[in-house]
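You will see two complexes here that share chain A, one where it goes with chain B and one where it goes with chain C.
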Partner chain A sequence: MNARVAAPSTGGRSVGVVTPADLAFDTPLALKGGAVMPAYALRYETYGTLNAARSNAVLVCHALNASHHVAGVYADDPKNVGWWDNLIGPGRAVDTDRFFVIGVNNLGSCFGSTGPASIDPATGRPWGAAFPFVTVEDWVDTQARLATALGIERFAAVIGGSLGGMQALQWTLSYPDRVGHALIAAATPKLSAQNIAFNEVARRAITTDPDFHGGNYYEHGVVPGRGLRIARMLGHITYLSDDAMAEKFGRDLRADTFGRGLDVEFEIESYLRYQADKFAAYFDANTYLRITRALDWFDPAHAFDGDLSAALARARARFLVVSFTSDWRFSPARSREIVKALLDNRRDVSYAEVDAPHGHDAFLMDDARYHGVVRAWMDNIRP
Partner chain B sequence: MNARVAAPSTGGRSVGVVTPADLAFDTPLALKGGAVMPAYALRYETYGTLNAARSNAVLVCHALNASHHVAGVYADDPKNVGWWDNLIGPGRAVDTDRFFVIGVNNLGSCFGSTGPASIDPATGRPWGAAFPFVTVEDWVDTQARLATALGIERFAAVIGGSLGGMQALQWTLSYPDRVGHALIAAATPKLSAQNIAFNEVARRAITTDPDFHGGNYYEHGVVPGRGLRIARMLGHITYLSDDAMAEKFGRDLRADTFGRGLDVEFEIESYLRYQADKFAAYFDANTYLRITRALDWFDPAHAFDGDLSAALARARARFLVVSFTSDWRFSPARSREIVKALLDNRRDVSYAEVDAPHGHDAFLMDDARYHGVVRAWMDNIRP
Partner chain C sequence: MSAAIRADFETIAGWVKPGARVLDLGCGDGALLAFLRERRGVTGYGVEIDDERVIASVRNGVSVLQMDLEAGLSGFASDTFDHVILSQTLQAVRHTERLLAEMLRVGREGIVSFPNFGHWRVRLAIALGRMPVSRELPYQWYDTPNIHLFTLHDFEDFCASHGMRILERRVLSGGVPVARLPNLFAATAAYRFERAG
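Presenting the complex of A and B:
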């Protein structure tokens, strides 16, 4: 979540001050991993107005460390700008004058929805290690329940980038009749061995931190901050392209530091340490473990002997798939796998490979060509 | 260091049983970082016979976690095969029937040469945190002293891959009259911001391990094993191509493990944990910190306002530069920077971009085209 306040290059306004809401669910939810969530709450935000036909709702799914706070600011925290504020608002690419946009914090996250840091009513203590491992399918199920509770039978569109895009794809498979359009940006049909390997290093950094206490660190009044910092530094490397990193930080030495050894000597080190400290102060380690595992497990083709075309046959939505040339985490080749599988099924799919220098994070950036493509595609949706 | 015993595809024999030797140096060495090493020892191995003219010596420089044990085996440890055994031996690409080959463990390493785990004579305790940070230039200086001690005024060739290749390049700059040929494989003229970032994550994992004790862990009877494991896992990811990882491990689930959460579920996780445990059992953390810093600092163009051509103007050697298509750590583009700078100076340089799937580690692999190029180039050296 990068705060940015400038109007995006494609125009429009911010939704302004927003207020999150909570919704509690009492019907037990059977998770794909075998566990059952007896009850849980989801935190969400909405922007714009649901029309009389209840046909103009757009669901925004979030990526690893983001939340329901997709657009606008909070009255008491005006610098906390929603993570996709440059894309969503009145007159923006996702136009809240036309659409009723919903952002929801995923189950297991740490921004208000029930997660490992929440109190387990059965014990009166934080869930901790006992909180189940959730999957992309589980998130989509909880989002579908939220939609039903809000009176939305069918989404005009489900949109997301990275892990959010994977949820948008899963929506078209889990609930093909409840989603009209799906925007899948900077995503992949499944993680590569290298992607899983990076996740595993981050998890091992967290779980081998002496302050992890097997996941029940809350009771000890500590957090596995060392591990979280390592995880975040590593994440940042994979989110940025080598070129973007070079342009932002080069390999500039900080003044007069050569030869200090372990102290910060290069700008890139200073940046990573700063990001790591910031992250460790607000993100829950158990959430990090669960979200990276959900990423590892996502593989709709797995039940079809690896045949992605067979897996996507049941999708009915119209698709926009977007990739970014410098994204080496989920490269354009991975997006093209999705496009090919959809075309094999003669689905309606638009594909944009955006020449952007920012790496994986490009899906969060203000980029006129990227936003122009999204705007044109959204404009064609007639709710 | 991967043990391998099969004869390489390009033929030849192993040098067989080898024995390391040690040489002590009493003349203080001024290091580039400002410190002075009062005395130190280097461990080395030799293969083949130095000719009467003392003109057939080849120095092999090692990369991050390797050593002086370049070829052959030890009588009491026949499975411990030298890390470049497939390239070096009688009838091999670097033919020990023609050349007198020297492998040397770098100052600051942990395989016999003086390093942070050695006893500091001034205190009677391990150097630990007090051991100076060394540079590629420093290593080349110590290697030059070793050569002098062995009666070698000029090397027929200095060869190495990765960080070893960077030392070979530095040799041509620090001692242009003492090196006839230089083989630079899978190297770079300087690390990118992304390369430095990966090193920094590894270092932070080590230095924030509670068992690090500011670098003086020897006295506490512990090693920062958690940090070393993270560093090694991360290293492995950057040494292998995404494709090689996919081919070796795919994203295969281990049988019946889906949904276990934090336990090993994918083959790649099992591989990384195994490699990490093995590494943490033998490698010294302080050495890891110093060698990665030497990598960060290497930048011969820095003193020439970033002009690599100007920096390489003083080189006199004949060069072979080799890169590997799937190496994303030091990509072929980085090798081409070296080639271009040498050509700008009208140096004699051959360049081979080998189509190899293994990633950065390809320079260690038995690859007929790669070894064929090295053989042809070495055959042209007339000592």
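Presenting the complex of A and C:
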């Protein structure tokens, strides 16, 4: 089992204290679903320095519950460490001494960018249920607008894991000339029926919560916290491998004896409830519904009669695809579908299948093999 | 790079067309592909299973795919490559017949190089009652990755019985071509072959 113990990657340090910024857009954005966003704002963070040629920018796309806070900490909240801090920083695999790294909170999210909890200027009330359902393509479009506003015509790389990896893939299709390299970790070219089924249970938990009020719970002064908690518990189970759960919790009990009731008895129950409480305190239920829907809908091959190779023919970037053996949410087989389609198009692609024990969440972990391959790949990018 | 490896690389580079599409199976740190890219302007991929070697290949700027050769080459469409190379690896492969068939499915031409188990030093070692340990076969019997050792004659018989036509052969000892009795005097051999008929 020694081979499966993740050794931390070496070198580098955190970017330290970071400050988010906001950028308002008042050019209407036509969404793929047909709606039009008349105006919106995006919250983002940057690390490192944009070079004179503006050629060293790296965009980091986030997954379901993450945000623009990718690396570093806040001066007034030093425990709030960015979600990919172990990968990004001076001397780290994504070296901010070389690259200008941008993290952006997606449209419809709940960490500062315009989302369902924001005020709709047309009504003066929170958007709530009226907030449009956004897609991966829409997010990529908004990120492209942000890049243009920041003076970045072309990204040296667009990188992401899980849903973030799907955005990186979409970047190479929506804007093939604006992205030099794409890192796609723990992703999939489309969700399986099982993936969608899990999402649907999570959504039903939220929408059947009596406090949901059809999505307009803000004006009732409540949040559908019960539903959101269950959604998070369910999601969390799919992020971890059976082995990782067994290793971390096993059948350990909170107390010495079975109470044989419904109180928390097993450590795993305690952990899930704790994670659920934490999540429900900061995450918006309408955002959860929209992001899971964006996941369900992502399928670049759909417009090509299901032919992923035809869909990826547009891509021009150099790719690094990474999967993790214990990821059963988006298994290595799903990443190999992406690789196969890129090979069919003779694209420049490397593929690493990391024997990591953590499950889907492995893309967030510090693992020497995973970070080693990302570092080697990033080091060869000459902005 | 040792003289033997250099000679192997030179042989393969001599057989690869400029600008060819190449698949290198068991690509190690990607040195051969990097060499062929520089010498012949080839494009293509390496296949490697070992984590450290995958990282080394990426570092060498080689496109590498981490997969198990023993599982076949189903990730590759048929007739995708001009050359499929298996350099100093065939003797360590378990599913020999399937892999060679797969090489000629995805590629027009196969190139294999391997240590010759018919070399006189090997024969002498065995005649004296010991498994051979040499520059080409540097392992002890208990730690060798080589599970299918074979001679030039064995490989040529295999080609004849498996629908493979040998196009070219190069036999070397210490990096120098062997003129006479190659199955006795060649330490390594490289073959270029295609589907027969």
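Details
Keep this in mind: the second predicted complex is superposed on the first by the 372 of 383 C-alpha atoms of A that agree within 3 Å, B and C clash if a C-alpha of one lies under 4 Å from a C-alpha of the other, contacts with A are read in each partner's own complex, and residues count from 1 in each chain.
Here is the rule we go by: a contact is a pair of C-beta atoms (placed from the backbone, for glycine too) under 8 Å apart; a residue touches a chain by one contact, two chains touch by 3 or more.
Values in this document were obtained by computation on a predicted structure and should not be read as measured data.
In the overlay built on the shared chain, the residue A:Ala193 is in contact with chain B alone; chain C does not reach it. Once chain A of one complex is fitted onto chain A of the other, the partner contacts of A:Asp379 are limited to chain C, with no touch recorded for chain B.
Between chain B and chain C, more residues of chain A are touched by B. Contacts from chain C toward chain A in the complex involve residues 21, 43, 45, 51, 54-59, 61-67, 75-77, 80. By the touch criterion given at the top, residues 32-34, 133, 190-194, 196-198, 200-201, 203-205, 207-210, 226, 229-230, 233-234, 236-237, 240, 242, 245-246, 248-251, 258-259, 261-262, 265-266, 268-269, 272-273, 276, 289, 293, 296-297, 299, 328 of chain B touch chain A in their complex. Within the complex formed with chain C, the chain A residues making contact are 320, 336, 339-340, 343-344, 346, 348-355, 369, 372-373, 376-377, 379-380.
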